[in-house]
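One chain, chain A, links the two complexes that follow: it is found with chain B in the first and with chain C in the second.
Coming up: the complex of A and B.
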């Protein structure tokens, strides 16, 4: 049970360094972005009048509106794929695998790739996905295709493939944690109460891992929404999602538009997290 | 099948059950018959195979060899959800995400009973177990005693033929245990369901069980009524494991009539023969209960030895003297607590017992 105790004065002092850091590195910059997104006029200066013009311009453009939809759809797709894959991997590792050394070995094999930076891993996908990439050569060599498949690189498929590999661990980790909390006797109790394995899973195991699933979904959602690096390297300049639209505006020196998209992206993420937290109380994750 | 009606009388029959984990033999040829509506206790030290036996009956472990019949029907290969059993786990294994009401109704839901019937039965059962106040609570907010009731209600609602209980009151406060034991015993009598109760606590086993099965090293050492096991232990293990026995090891020196003379480091003692006559010189052991021992001058037909009184334990109903035998082992002598003390600590005394009160063990001492 999580117990929320009354905080002592010492607790506040302990939290102070982190709080100062967060204020300086996150809160103030976010407020600045929010402020800039309302700047009107022609000059880029703090003296600019505050208007809704920037937002009006963004929401008046159908292409941009569609982009919000596409970004959310893309995130939803990734959440679904990573969620299912991550759950299966977690379940296999924690429940099906009885051999402890093998479990540790597979666990490490699963985790070690994630020690590499996300950017490097994204770039590492390029030689795999290209027209002359590993996947295409393999398909050709096996005689599955006659000509290289072009939809891998510079496509949403390619981005999704790379992101699935990048973020499945995030969907899996919290489920692994939740599964580890479930006493084996619970499964056995359900079986002696006449529940066959499918029902045991549906009625006992899955509900008990639900907080882990939701936390995993939130992690995938936030990372996919914020991930411009993978979209940029694997999508080339052909594919735009909200995250790299910010980059495009920034590189085009349209700082006010970049701020607007940033605010919208952050709002989407915030709404997603709040919605998820209504389903599951994150504080209960401690068991 | 001519024997079918006889088999149907048995709630459980186990024949030659064997289970090994790698090189460790957990259950080695256990056979057991349980008549209808019996309270059976599997008693033994930890690692003796009692829990593994129970788990094999439940179908949670697959035996390497042997047959299990529940109500005369062979179930050896059946999964737990197809057996006519329910089980209560040591830490109760309540589903943390389900309310008490939902939890207790789970078994009936699995049997696909109609909803109104489930609601009605759950209400009845919750009331019978005095947990109706908690119907909408989750297990985390209940006390140990309340959880125990929920677990029992959940297990019994489907009225299985067998209820398997794995150390079911081990997780309760000591003060609560006695009350719960009496309640469970009465519940078992009323319901007519056979209980198989696994415990390492002999007080539980002897006060609850109609039939007690003492296990050690993956085998059954002895089974019978509490009285049979307490008064006539068959092996030095059983004699030493149950409280209140004084165990002697020695060799058969002589057979005289219906008694054997056992030579021990403390002298020769006459012990009545049991079913088989041991060979002269064979290793033998016997035991005598603490309440059969008393301070006495040497007299014919009795065995005696001289011992030093170390301490006295007073339990109210009995007074127990701890006597030093000289080989590092102690002997126990029990006296009614209401009588005046017959020995004082430090006193050297001759104690004895009637020869017919000794119990010769069968087989070689382990």
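Coming up: the complex of A and C.
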């Protein structure tokens, strides 16, 4: 017995507003993008004939094809860096650090920026990366370089540097969650059976945290693929990835082209998520 | 080298890495705040040319072109509305999940979709929908609709997590003693899950307040704060932007602090009561 009866009509009525909201604001608009991407003809209306012309035009352009490759490569780089960094930090905080107050303090220092504006955090990188920026001044002062290095601002390096600071938490969080679930007895059992620490990690700890690693990779992948704001802030107009192309087409009133790129971006993301689901079952995480 | 030494060595290595990353993560925020206090002749990078509140004053007495006050007001109102809506819908949706109605798994994935679907696509999709329906995008119309679809799933997950740890026997006791379901929910269930409700409200506020991608496509001509900031960045990077960035970040910190404090208060009053 509880305040809500199992399978009662009340449950339906309580779920209905949220369900309608999500369908109206997410499902229908996304399906509409898919539909619009097939519209042919000249006028922008639902009466348009459906064609593959928009896609043919996109895939006929070598620059755009190369852009898909660059975007995926960029995402893979970020996944690798954030994945390794995130795992190391999660492992240190959860396993290696024994001092509880210090652990809480470091955790807070790790998490708090997540609750502040990502846009502001991206902008905060700009004074760091410029030719007169903090990094260049430090390099000059230390005598590492004689002239300012120009590779930071308006470059993919600069974008990656900012995105690493934005998204490492996403790779780390799920691993922290999985590490917290491992019973200490498991490690002790393995140690009692004379497994060296390296083997305990490789054969016990890491496999148990694998679902967390995969979820973290998915989160980083999805966020980096769709993050046009950081690219725009730090890359200026010099660097564009797939997500920026959507905005460019949209601002140029080429709605069908924007829809095509959106569908391709969506397809990349779906493939990524499905591939990850084949490795781990997301539903098992809750239990 | 014995495994004990090696273990200590990895500890030091990982510790250094963690501290290094934390510095890396905080340095830009700290620099931004520091530079926002630079003198009137200070630029967007070091040297600061003195210390002053000049850029904050500029921000306050801004001309119409770069006046951040109306966008700030819109962002705050929108975030407040999102917070209230998120809280109500998240509580009802999570309570519905406890009823295990037919299709509750699909319902869960529908809400999860709101977290997974990128703002860029959702925003663009809603812009297309509004265009086809002949609706003019506005910060208090389409943007509100889209913002809640982003904040609601976070509130919902928070409430689910709280209800997972909730001891239903307490409710049972109330019902056995003759309370109606509504009274038991209001007087027993709700006070116990209050920390989750506050968490949902915080998510609703801060995620909406900081949202950029979704707003970009759905806000129309009366922009919200992140859009105004981005527009100013496109025109010119000035220390004013640093001032507003610092102010926003401090606001976020205050919001987190307020929530943590209220959570602590609730826990204390519950222990006493």
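Everything below uses one rule, namely that the second predicted complex is superposed on the first by the 272 of 287 C-alpha atoms of A that agree within 3 Å, B and C clash if a C-alpha of one lies under 4 Å from a C-alpha of the other, contacts with A are read in each partner's own complex, and residues count from 1 in each chain.
One rule holds in what follows: contacts are C-beta pairs under 8 Å (C-beta built on N, C-alpha and C of every residue); 3 or more make two chains touch, one makes a residue touch a chain.
Note that the structure is predicted; figures quoted are calculated from it, not measured.
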Partner chain in contact with A:280 - chain B first, chain C second, else both or neither: neither
Chain B versus chain C as contact partner of A:125, first or second or both or neither: second
Contacts of A:196 with chain B and chain C, given as first, second, both or neither: both
Which of chain B and chain C A:89 touches, first, second, both or neither: second
Which of chain B and chain C A:188 touches, first, second, both or neither: first
Which of chain B and chain C A:207 touches, first, second, both or neither: first
Broader residue contact with chain A after superposition on the shared chain, chain B or chain C: C
Contacts of A:22 with chain B and chain C, given as first, second, both or neither: second
Chain B versus chain C as contact partner of A:113, first or second or both or neither: second
Intersection of chain A interface sets (partners chain B, chain C): 1, 196
Chain B-facing residues of chain A, complex: 1, 183, 185-186, 188-196, 199, 203-204, 207-208
Chain B - residues contacting chain A, complex: 58-60, 79-81, 83, 85-87, 89-91, 93-97, 106-107, 110-111, 140, 154-155, 158, 164
Interfacial residue positions of chain A with respect to chain C in the complex: 1-8, 10-12, 14-15, 17-19, 21-30, 32-33, 36, 46, 85, 88-89, 91-93, 96-97, 106, 109-110, 112-113, 115-121, 123-128, 130, 132-134, 137, 162, 164-165, 168, 196-197, 222-223, 225-226, 228-229, 232-233, 243, 246-247, 250, 255, 258-259, 262, 265-266, 269, 273, 286
Partner chain A, residues of chain C touching it in the complex: 3, 6-7, 10-11, 14-15, 17-18, 21-22, 24-29, 31-32, 35, 44-46, 89-90, 92-93, 95-102, 104, 107, 110-111, 113-114, 116-122, 124-129, 131-132, 145-146, 148-149, 152-153, 156, 164, 168, 171-172, 175-176, 181-182, 184-185, 188-189, 206, 209-210, 212-213, 216-217, 226, 229-230, 233, 237, 241-242, 245, 248-249, 252-253, 255-256
